[in-house]
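In structure tokens below, several structures.
You will see two complexes here that share chain A, one where it goes with chain B and one where it goes with chain C.
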Partner chain A sequence: MVNLCKGDVMRFLDKFSRRKYSSAREEGRQADQDSISTRLPQNIEQLHNLFPEAPDLIIREFTIKKTGELAALAYFKGLSDKNAINTSVLRPLQFEIGHDNQDEGFALSVGPIQSLNTWSDIEASIFSGESILFVDGRLEAYALDTRGWPQRAIGEPQTESSLRGAHQGFVETGAQNIAMIRRYISNRELKIKELKAGRRGATKISLLYPGDVAHPEVLKELEDRISQLDVDVIINTGELAELIEDNPYSPFPQFILTERPDAAASQLLQGRIVVIVDRSPSVLVAPAGFTAFFQSIDDYSTRWLISSFIRLLRFLAFFIAILLPGLYIALISFNYELIPIKLFLTIGDFRGRVPFPPFVEAIIMEITLEMMREAGVRLPAPIGQTIGIVGGIVVGEAIVQAGVINNIMVIVVAFTAIASFILPNYDMVASVRIIRFLMMIAASMFGIVGIVVGMMILIGHIISLESLGTPYGSPIAPFRLSDWKDAFVRLPLWNMKTRPISARAIQSKRQGSSRPKGDGK
Partner chain B sequence: MKKYEFNEITLLQFICINLGIQVSVGALSLPQRLALKASTDGWMAIILMWAITIAASWIIIQIMKKYPDGTLPDLLSRYLGKWVGKAVALAAALYFLYYAYVVIVSTILYTKQWLLPRTPGEIIMLLFLIPAYAIASKGLRVIGRYAEVVILLSGWMLVIYMESFRDAYWLHLRPFFKEGWYPVIAALPEASLSFIGFASLFILYPFLQNKQQAFIGITVSSTLSMLVYLFTTIICFVYFSPDQIMQYNDPVVTILKVIKFRFVDRIEVLFISFYLFMFSLSWITTIYFSVFCTSWALGKQDHRGHLRILLFGAVAGTYFFMPTEQQKNQLEDLLMQIGIGFEYAFPVCLLIYLWLHERVLGRIKR
Partner chain C sequence: MSRRLLVAFIVLAVAFMTGCYDRVDMENVAFPLTLGLDLDEKEDLIVYVIEPVFGEKIKKKSNEIAVKAQSLRQARGEFDRYSMGVFIGRQIQQILVGRRVLQHDGWFQLLDVFYRDAKNSLTPTVIAVDGPVSEFISLHSEDKPILPLFLNGMIESKSSYSETVKADLQDLHHQMFEKGITPVVSEIKYKKDVYLEGTTLLDHKGVYAASLNKDETIFLNILKKKSDIAHLSFNIPGVSAESPLVTGLLSFTVSEADTKIKTSFRDDRFRFEIKVDMPITLTERVFSYHVEKNKKDLEEIIAKQAEQKMIKLIKKIQKAKIDPIGLGLYARAYEYKSYKRVEEHWGEALSGAEIDVTVDVTITGSGPVR
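This part shows the complex of A and B:
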């Protein structure tokens, strides 16, 4: 609490402490440099020294009307809320006398007031958007919570839109993201652990977990990995994921990154941990298994038969997206005996006009497709339409008529593109693209044997991956039958009585059987 | 002391690994081998051999129970001294290595015959050893998971055979015991080639999560292999005539030539390429066992060094010598003989010896 002592007593104390410090030389000087002074002009000078070329640092000097003390308020323009400072800090301090018996503290209408007395603390809090109040004659400064940096309004998540799910997406402010999750899980078992990472701009990282469900070992592992980070700053959740994942050389994402609060809440309820990185609109969910990347929040809000069908479709699409161009190459250049004879004659007719070997043909088309997709991602919407027109010409009639590519190849590429579009997770789509090219190379060298060996390596890789020490291939390998209820299909909700084993929940019961039995009452 | 705690495998993984080792070598040529010895009575040899296999694995489990936290070399070095343990470890390593070699060589020959006729053997060997390294280097747990996936992926292949029941001629099987019991017994060793591989128990036993289930596991996997063999063999017997069947080297594959679907010609090519998964399971596991044993003998914790040497040696060896079809058959015959020795005879002797050992030592101690 703020104490209004007599000025001379403080000054005496100050002198006393100075004498004591000067006897202990080195430490004393450092501590002296770090701790603030009682004299206001000295503090202001020190502020200028600390932030020499910062024109956005505002220092406002004034007299507190109630006590008559000289004071200064320092904050960063833009990081702090101007209105709050004007109406809740400057106005009451400068013009209001306050009640008689209120002789300790200031009558300020801002939330938390924290008293600080070292420059390093002041630096941290002024950068986080708080404004600092220095009062002449006091050995402490007050950090007032006037945070208000530029913010985006909460909107529909762009990368993961859904039909039935909520239309709120995470934003760039960690505190708001936490609030959005709390709206779904208003339970005191939702625990939050705060960590800091980064030297140049300590990024606030919050670990959200259901206290009675999440496995303490998994939590500890995640915490250890984050606290061991030694980086400048973490700009984005993707960076954090790459820095802490189990196997950085794998093409597969090992954590789920999502922009959807409802998806994050649903993962929390399964016993997983959600990591919110301040300033980043996507959160990280760990541990994640391979099948989790094929789930979408809409699966739970549509009828279970339909969403099961869609899930199976996604897995089929995964294999088509990986294998189809490779299979085309293998069948055309090695194992043509597998193709039924009528189809083979047709293909031969088309292929006869094309001068390239199948592999080159496939590579040309796949690279064109990838370039078109990448162009479409970054182009602003008005220009983006051009891509559609240009792409329609390339992946279309013209290239076939010109005799560069044959018709079947165009069909193959179109199929692959469609198949990779239905996967709900962007990271998984990206890895599928890489694997597809590897499969094409394998197929061009060894035909169908190349594809089979490629699949062996792929399977071997997926099952040996781990996400925070939990097996990535679960529930397929290690085989966990009870988790199949929500892997390849989604069984009716009343069947999901237990949380998935792969999340390693310590309390596994999720719900009772809430479905009425029998007919009517 | 539990040395192998970090690589424990579940019962299902154990079953899948065993099934994978068994249903590989000799699975495709089994009907022909049986027919040559016992005509269409050959299928009875499968059932007989299955019973013997279960008995033999029961014996192995009795041996392993005496030292449940160790592999066979661990057990022997405890009972008979360090050097015996090491010698047996090396012998087992050689056995598993030979097993893996026969499997991989026959896989290469199948691949050359059906899929890649013009690619040199050593290139295919190199190709096959890449996944072997990727999986075997990660240890037993990953092998167990791989086994689960492969078995899961391969189930559909049996369904295809249903198609050929349409043209089945069941009278081929009659009469039973055409020439009495003798040919059936003579065919037993041929059937044994398809059952050997349960010696994996010697290595796998301490890794099992729940050791009481070892016998259940080995019974289930042997029974599944028996059913698979019985199914394919009987299909071949009722489909081909008794004379015809002896002409085909791999009747299990040849029978697929007749099956035609609208969407794919020559399903047998697809079948063989998918069967590579099963083969891979077998050679990956046995290679791992082999390296495990050599690393054990040389007292190394990390098996990857040996794995690299072995795989490199295999590729280099194939460059200089790639067996032909005939030589492969000879290799298989040899494997059969060694297998009978190592997996059926050796456990019996060992159990008797251990039993005597305990008796005698127990008496001395008393």
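This part shows the complex of A and C:
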């Protein structure tokens, strides 16, 4: 079933891309005859001209029973819902007389009917899955909402699983994603702004924001950046994020991409803006701060002491993941005096057998780790397990026995890997991987001094970063004490009376101060 | 465009930077763990080192080298010629100084390289050796870890029970240059094996002045307010010896003794009134005694003995004209003018000072048995 859908999509994309070029060729000729004609055969011919090599374009000609007019219905197979067309469009038009005598109205049981009179509008709506009804003698065509493209069932978010959170993830249909968020925030203050981006395949981009909370300046900034885009098409949210980022040269992600409706809703309530890109299962949350990448939706449904502990653990893991291999190199190559004497003697014993300098040793292991991880991500699940075996047994055991890498290095790599798996956000994990290598290089050249300088540069960089014009380093720098309630620890929910300052909410009260305490108090 | 060029230039410069000039990987380094200083019969300086040997197939875990040299830096040059890697003294755990060296003025100056070369760490412990250092260097016990580790553990654990002191180079430097105090370092001895004697007291110039045994060291640490916990055993007089196994020995633990020092200057001499509060818990009593009934008496007996021992210690110190307790710091704080006059020969001034010690013992626990 899934395969079938995939095939359809592929075929559709194939046709679609071929069509793009032919339409470009005809662009000049088209301009003067953009409006449709009153004569049906001419329109049908024009349709054939517009989509010359599109066998999935269906044009069905028939007579409308009610008025006796000749008509044609055009739609793309696969993009439109066949059942809806058969039962709600073709059947009533061909066989039902209808009760009213209104000239215009068709007795169609479909939702919105839109009249169009230019070919460019028709093109856009036919590609979005609507079917177009041409009637002989009328200078307008009707776009009927019969959209029904291949869809995936709503399932568990793959990249962000959670223990307590909802088990629904976003899907590839923007409208459904909006609906999922609306289920969490059923309030008319949830405003949606629709934008289009992309020349060849206009991608529908919806900006969701709490109207009374989101800062208009931030919203305007985001809107401006999206509307200034000049690209062919936006396939995925990640592309949009990269195109509108404040600093694309930074290793750090500046927007949160999430697959979780509950996470997106929670961010909305903090005053942030959610961007839904049609056809992409992840949504973009802006503006984002550094600490936001260490929060997980589970933090709020676990008891606060435990989630605070886990959060601190994540920050610790961040530093371990960045620094540990670098620290190993620095200690072995420069600053021996910092190793406790007993560990020192042990390392000395192991190091004596290894033919490579520490930096090469560390690079070999870290690259192996990165390759194993990448291999694990791309491999289908049943084969993916072999990676664990290969990694665990072959690389872990054999490499030490062969005397290529020493035991301590294997421990260091394992620690780093575990530490980076703890981080809840994939983009942040990816940044950590890059920074780790930079730290290793700095350590191999300058030892501890290199690491210290590296950290200073890193911190300076984080402080200077902005996400949508709001400071990335908040609440650490600029220092905002009230936001610390949900940064390194998560204080009890009844303490989070205000929305975070870093989201620049214009209405900051989140909840009252009362908490039922039992005993009738 | 120019910005891009600049970035490219920086990247290249960093990549080919020769910033690694002081990088020596661990396997290319010889690490002395113990450094020994001694004089031979002809009064020539001998420098010893113990370095660990890495490798699976090598049975002996450490390697010892002895060279004649005039300074430590020169000695290092000599060591280099004996070893596989470069000698780097950053993991030195302890410096053993022989008694013969300590008896000479100016030996402290030999350690200059540790203070002047900032790459060296100041963490090595200084240990005085009663006897020749070579006895320890050539020691190979089958049933012990290598000497550096052994000494490390020994000094670390015993100093936490106040039985010796752990004086690293930093402490020693402070004690040498602070005029109101004289240095104290731990002392070991060869008694069929490594034996912790207690402490060695040095004078202002660093020359050997006296040695203290374990108990004396405990009292010194109590007077210095450096004792958190200590174990002592006293002989209680008046216990009828009906069997050779029954003696008057009473063991107890002193925890957090509180020392108060009052300083004054009268009749041209310093006066120190030292009051020690010693809460103790009994740990062993091998004679019969009704502690609950005679608690006050027992407290008094112990206090009296402790007092006598401390007075004896102070007499010893005064006789040697040194000040390991650091009473000079109190004199400077409370009687600055008078102190300033005698600062340069404080040890002598202290030897003429009047020092009273009173000890107050409280038994806080006598164990769950009667």
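Throughout what follows, the second predicted complex is superposed on the first by the 477 of 521 C-alpha atoms of A that agree within 3 Å, B and C clash if a C-alpha of one lies under 4 Å from a C-alpha of the other, contacts with A are read in each partner's own complex, and residues count from 1 in each chain.
Quick note on the criterion: a residue touches a chain if its C-beta (ideal position, glycine included) is under 8 Å from a C-beta of that chain, and two chains touch if they have at least 3 such contacts.
Worth saying up front: this structure is predicted, and the values here are computed from it rather than measured.
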Chain A superposed: clash or fit between chain B and chain C? clash
Output check: A:485 vs chain B and chain C. Expected answer is one of first, second, both, neither. What do you get? neither
Touching partner for A:477 - first (chain B), second (chain C), both, neither: first
According to the stated criteria, A:345 is in contact with first (chain B), second (chain C), both, or neither; which is it? second
Identify the partner contact of A:332: answer first if only chain B is touched, second if only chain C is, both if each is, neither if none is. second
When the two structures are overlaid on chain A, which partner does A:446 contact: first (chain B), second (chain C), both, or neither? both
Using the touch criterion from the header, give the chain among chain B and chain C with more contacted residues in chain A. B
In the superposed arrangement, which partner chain does A:463 touch: chain B (first), chain C (second), both, or neither? first
Steric overlap of chain C with chain B in the superposed model, located at which of 41-49, 293-301, 311-319 or 329-337: 329-337
Do any residues of chain A touch both chain B and chain C, and if so, which are they? 334, 337, 339, 341, 446-447
Within their complex, state which residues of chain B touch chain A. 10, 12-13, 111, 115-116, 119, 124, 127-128, 130-131, 134-135, 138, 142, 144-146, 148-150, 152, 262-266, 269-270, 273-274, 276-277, 280
Listed in rising order, chain C residues that touch chain A in their complex are 17, 19-20, 22-27, 29, 31, 33, 52, 54-56, 88, 90-91, 93, 121, 123, 148-149, 152
Please output the residues of chain A touching chain C within their complex, sorted ascending. 332-334, 336-337, 339, 341-342, 344-345, 347-349, 351-354, 357-358, 444-447
Which residues of chain A touch chain B in the complex? 334-335, 337-341, 446-453, 455-457, 459-461, 463-464, 471, 473, 476-479
